[in-house]
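The two complexes that follow have chain A in common; it is paired with chain B in the first and with chain C in the second.
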Partner chain A sequence: MLRFATRPLSRRFRSGYRWVDERAGTTDLVHKGLYEAVPDRGAWAYTLGSATLVLIVLQFFTGIFLLLTYVPSFASAWDSLRFLQTSDRFGNWVRGMHLWSAYVLILVIGLHMLRTFLSASYKRPRELNWVSGGILFFLVLGLAITGAMLPMDNAGYWTTVVVTNIPHYLPFIGDAIRTLWRGGDFVGPITLTRTFAIHIWVLPFLLLALIGAHLYLLRRHGEFGAWVNYSTTTDDPDREIAERIRRAEPPYPTLRIERQYAAPRKTVGFFPNQLFKDTVVSIVLVAIIFVFGFIAGAPLDARADPATLTYVPSPEWFYLPLDQLLVLTPQTYLIAFGVFLLVGLGSLALILLPFYDRSPARRPLSRPEVLVPGLFLAFMVVILAVLGVNRLYGL
Partner chain B sequence: MLRLTRRRMVQLTGLGAAAIGLMLSIPAIGFLLSPLFQKTRETWVRVGALPDLTVDQPKPITLKVPSGEAYDTTPVDRIAYLVRKSDGATLVLTNTCSHMQCDVHFDPTLQQFLCPCHGGLYDVHGNNIGGPPPSPLPQWVHRLEPDPQTGQTILFVKNAYDESI
Partner chain C sequence: MLAASLTAVPGNLFGNGLAVALVVLLHVQIATFITGASTLAVVSESIAMARNDPRHARLSHDLVKASAYVFTFGSAVAIFFMIWVLTALWGLFFVDLQRITFYMFVFEAAAFVVEIALLYSVYANWGRLEAYRRARLGLLVLLAVVLWFQMFFINVVASYMLTPNGGDVNQLSQVLNPTFLPLQLHRTVGNIAWAGAVLAFYAGLRYLLATRRARREAAVGTVPARSVGAMSASRFAPGSPPPAARDSRLPYWDWLGQWGVLWAVGLSLFQIWIGYSYAKEVQLHAFPAWFRMMRGALSNVFLVQIFLLGMIFILGTLYFWRRMTASGARGTRTQIVCLVIIVLATLLAIQPAWFALSLPDVQAAHLDRPWWDGGLLNPIGDFIPNKVFALVVIMLCGLVAITSYLRAYSRGEVRMGETTRRLQGVLLALGVTVSLMMATMGVIRENSRQPFLIHGELRLQHQQIVTTPPQAPP
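And now, the complex of A and B:
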């Protein structure tokens, strides 16, 4: 008894940890998680994936807290958020962080995809990393647009009306989809309940499953990096590459890939090198969200008024390109075959990119066949956004 | 003792899993699809005497009608634009854009209905004349009856549109 009481705290902690470790294998787990080789150059660009993960965790965290007050009913949703705005400074701060981390998340995912696209990291054998990531991107957009509907202020209400009406223009099954989403022919009491269920259960559930797959695939094949990590410096590249593969640390050499790209020229440990940079980026992003969530907060329009004679809706910025496309495609057939064909084919082309870009080239400028269409697509989205801003706010 | 080959065992397990799947999915899918089979509860509302109207000058009035969908029973505010045509007929237009169902606004200087969402345009009779709308503004299903005592024309409106949009 006396002996126990006089043992230093650190030793007591250590023996307690040993007890857990012998039973749960925590040290092994931490080693598996941390001791991995990653390419040495370009590490700041490879922080975008972990930043995305941190922001998604932040979304879950703040989202669960919002459930402490938010009521998913057409009659009460606005009142519950109005209450946060007027009487609950910290609740309103959490709501602000939920909104701003969603904004930052969309931007960071965009950058993450851009760097993966430019470095051609999606090529064999990492095709499924890209496919799962592409689906994750669309899941996040789905979460963003369903989230924008929930406040049931004027902005949220008209977003709901327009977005739930878009499926109506799909041939054959469009009306059924609209009715199922709305729970009736028009936006009504069940619409919000269903959108809420999609926002907090259906999409997050799919999101978590795909994040698991995405991370598993990342660990299986290792970080690709970019062409800069694979250049050769000696006169005898074959020997240099063979030497690289021989000395590669797990998870390299990557299997089923061109020999040159099987192992990076030089690697460092994920811990501490990459983890340090990941942490720095995440701290900066979370700090931005922390500050913006408090200062800018999340806006709340006037209570939804389905009988307005004057309200001019303006969509969320990430939805603006699609909204502008709706302006530019008149009449039923153009909407059906213009919007759905354009957006559908564009999305499909994005997700299936690794299956038609199969050349061994990794440098962006030696892949004009995907770089030019990719830039064109991005350019179109930007043009649509600019046209939308001009229409709504008159540049 | 029951003797099974591995093949038979896998087959039986598969059948069992299919049976469980079926039992779980029949009510779930039925529940999911139920809005497709629900009818809107129709309600007629007596709006009141038709106000004086100038020819081709839309006049907005506020109706209180229940949507009649799901468990929604309380009447909510809706808008109708009353338009007198030159031949004396009266239109009871909804303000619901046939494009994405936003509320259209009447612009007195242009003498047109504008949709603020995507720039749809309608003339005073609700005909789509510009922008993305695929069809005219629908009308409220309505009837006009003379009041037997006062002789005024009374407007009755049903919670339904004459065209589906």
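And now, the complex of A and C:
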């Protein structure tokens, strides 16, 4: 022990690392993580996945800081956040970062899904990557909406009232779900406790488990990239593809896929090429969040007033399309069957996409059967959001 | 006497209204085509550059030429007629409107200047810019953006007239009035759809003209055309090659026709929801106007609009079905099913909710009960949920029809040049239907404000007030 303590600092670190490495295999792990091939073309588009991961980590860090102050009780939740906003030097900034990183996360994860959709990366054998990613998207939306309920200001309270009432429109089991969530017929202290538990335990647990599965599957099959990485250039495509497969670096060739798509034409190392691009994009996004968190912070309305008759609740921007859809379908049975059916089937169709789009085609223009409805849906969501903004904020 | 005649508004309300309606409807069809065509030119030029596609290269050039010609005529209409009609026949209203929306008209005029500079520059230098295609594309993008903003400014004025929102005292409220954004969205999408319909119409017409010539030549070459019967017989003689095989331009007109239909029908899918949202905003912020549109004197005109909307999808699906059949493509059964469902849904959607001019008429006659109880109400025609349901069905079936057609096209099963002359009639009908649809919408929207010119603020009758100048003492 004395010999260890008297060595120079760098040698002490080295030997300490060796000690850990012999037991935990850290070097192997780092090698496996960093030294893998990725397709050469379209590398900037692949940064959205790692940016999503960085933003989720940022959510966890800022969330832990908020937990140090926030009190999940009906009576004190608003006061604790008020204290954080006014008396804590960095409180408003951290809360702002938590909010803005959630907003950016939803955008980035949406773009990531769009990129995967356009490049048909979800096809065999990467179906489970898509399914886990799709569920992650809905979990993030769930985290965002449960997070919006927690401040117990007017916005949070009325969001809770509206959101916990939505299951009521479900036939047969709707009322039971509402009562379970609310802890009674009305929104009260138990509703907040349950929502808090969902926000910081249930959903993050599922999120972490699925992120692990998603990353494992990504590494198992390798990044698909896009169709441009798999085109052939010689007169003998079969021979060219065979040669490509023979020379492929891990994790390629991908198994159980059409031969043409088993190995990209040209690959680069994840480290340093891809990692550099990932880092640049993530730093830019985190910097934007820092700035927005500092300048705009996070809003805190007046303390919740269940008796108010003048407050007009407005949903978070990412629920505006759904809200607008609800506004346009004003009758109960239309909401029950139209919206639930539409949104429910739409979500299911999104998650199960790889199981019905099984054609080998990868080019977007070669698969209009999914591209046209997909783009139609995407445009509809944008249009409904714009109309929702117009209605709620007078734009 | 002379002074009094100088201040008098010439004509009467009906005549002046008719004059402005005719001129504005013409103006709108021209202006929206140019705006939509500029966007389609950008799309075609981009595709032409990315894929080296000669058809798109030709189309982008044709669109710029067409925009230049139409703009030349359209600006003449705008200057000589629109300003004359508005200032001479609706002077009091137009001065008021200019005063209130002064900045919007200034920006509009400025955008006009930029549009002239850009459009004629690109038109005149198209060949010279061939070596600088990126720069040319940049100019086209700029033109499309300027035209979009031009529409933006005029939409502020148009939407302000329906939902003023205190815009006469606050410029920001004027721009952000409740119906502005839905109108902007509606026209952004609609302009491109209209340009697509014009393309389809033009392609159909050119195809018919080209094949007529080719068939005449073929008939003259084979059988002495002594009679109409003999000529006709020669056309359908077994073994004679189809006209498409004889004219190298026909595949282009065929391709252009389907390209136009895809834009016209594809973007109309969005119009159902955007239009519905627009009506919702009118209901919330200008209830009397909404009432007049949906339950008042215009409610039956609204049914015509729904009929025309259904016809757009019927004609579009009919085109897809017959076009696929002409090439022997797979998936025609899907098109037939979609067509049948769209026809049925349209029949449901055009059901009147009452058998009278308006709902107040029914109520005044104390016959507001279902027709099977001896009343004049027809619950089958209720907007919610029946018409909403029908519109959603039309939208979904239209989406399936387009997807099915594009699927066949992407597999190479739809070959250009294999269309039929009869199918060109569908393209012509589609163009006319979209044009009528736009006109009907204009009539409904502009008349819904009655008796106001600016909703809740400026009455129609104020136009006719003539101030007599003070008489000189004898």
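Side notes on the structure shown:
Keep in mind that, in the parts below, the second predicted complex is superposed on the first by the 385 of 395 C-alpha atoms of A that agree within 3 Å, B and C clash if a C-alpha of one lies under 4 Å from a C-alpha of the other, contacts with A are read in each partner's own complex, and residues count from 1 in each chain.
To be clear about the criterion, contacts are C-beta pairs under 8 Å (C-beta built on N, C-alpha and C of every residue); 3 or more make two chains touch, one makes a residue touch a chain.
Just so it is clear, the structure is predicted and the values come from calculations on it, not from any experiment.
By the document's definition of touching, of the two partners only chain C reaches A:I383; chain B does not. Touch criterion met: A:Y311 reaches chain B, while chain C stays clear of it.
More residues of chain A lie in contact with B than with the other chain of the pair chain B and chain C. By the touch criterion stated above, A:E369 is placed in contact with chain C alone, chain B being left untouched.
Once the two complexes are overlaid on the shared chain, A:R391 sits against chain B and chain C alike. In the superposed pair of complexes, A:F186 makes contact with chain B only, with no contact to chain C.
By the touch criterion defined above, A:T329 lies against chain B and chain C together after alignment on the C-alpha atoms of chain A. Contact with neither chain B nor chain C is seen for A:D236 once the two complexes are overlaid on the shared chain. When the two structures are aligned on the shared chain, A:N165 is found in touch with chain B, with no touch to chain C.
In the superposition on chain A, the residues of chain A contacted by chain B and by chain C overlap at 327, 329-331, 391.
Chain contact summary for the complex, chain C toward chain A: residues 176, 178, 180-182, 185, 269-270, 273-274, 276-277, 280-281, 284, 384-385, 388, 392, 399, 402-404, 406-407, 409-410.
The part of chain A that touches chain C in the complex is made up of residues 324, 327-331, 333-334, 338, 365-369, 372-373, 376, 379-380, 383-384, 386-387, 389-391, 394-395.
Residues 158, 161-162, 165-166, 176, 179-180, 182-190, 305-313, 323, 326-327, 329-332, 335, 391 of chain A touch chain B in their complex.
Only residues 32-33, 35-36, 38, 40, 60, 62, 67, 69-72, 76-79, 95, 99-103, 105-106, 116-119, 131-134, 164 of chain B touch chain A when the two sit together in their complex.
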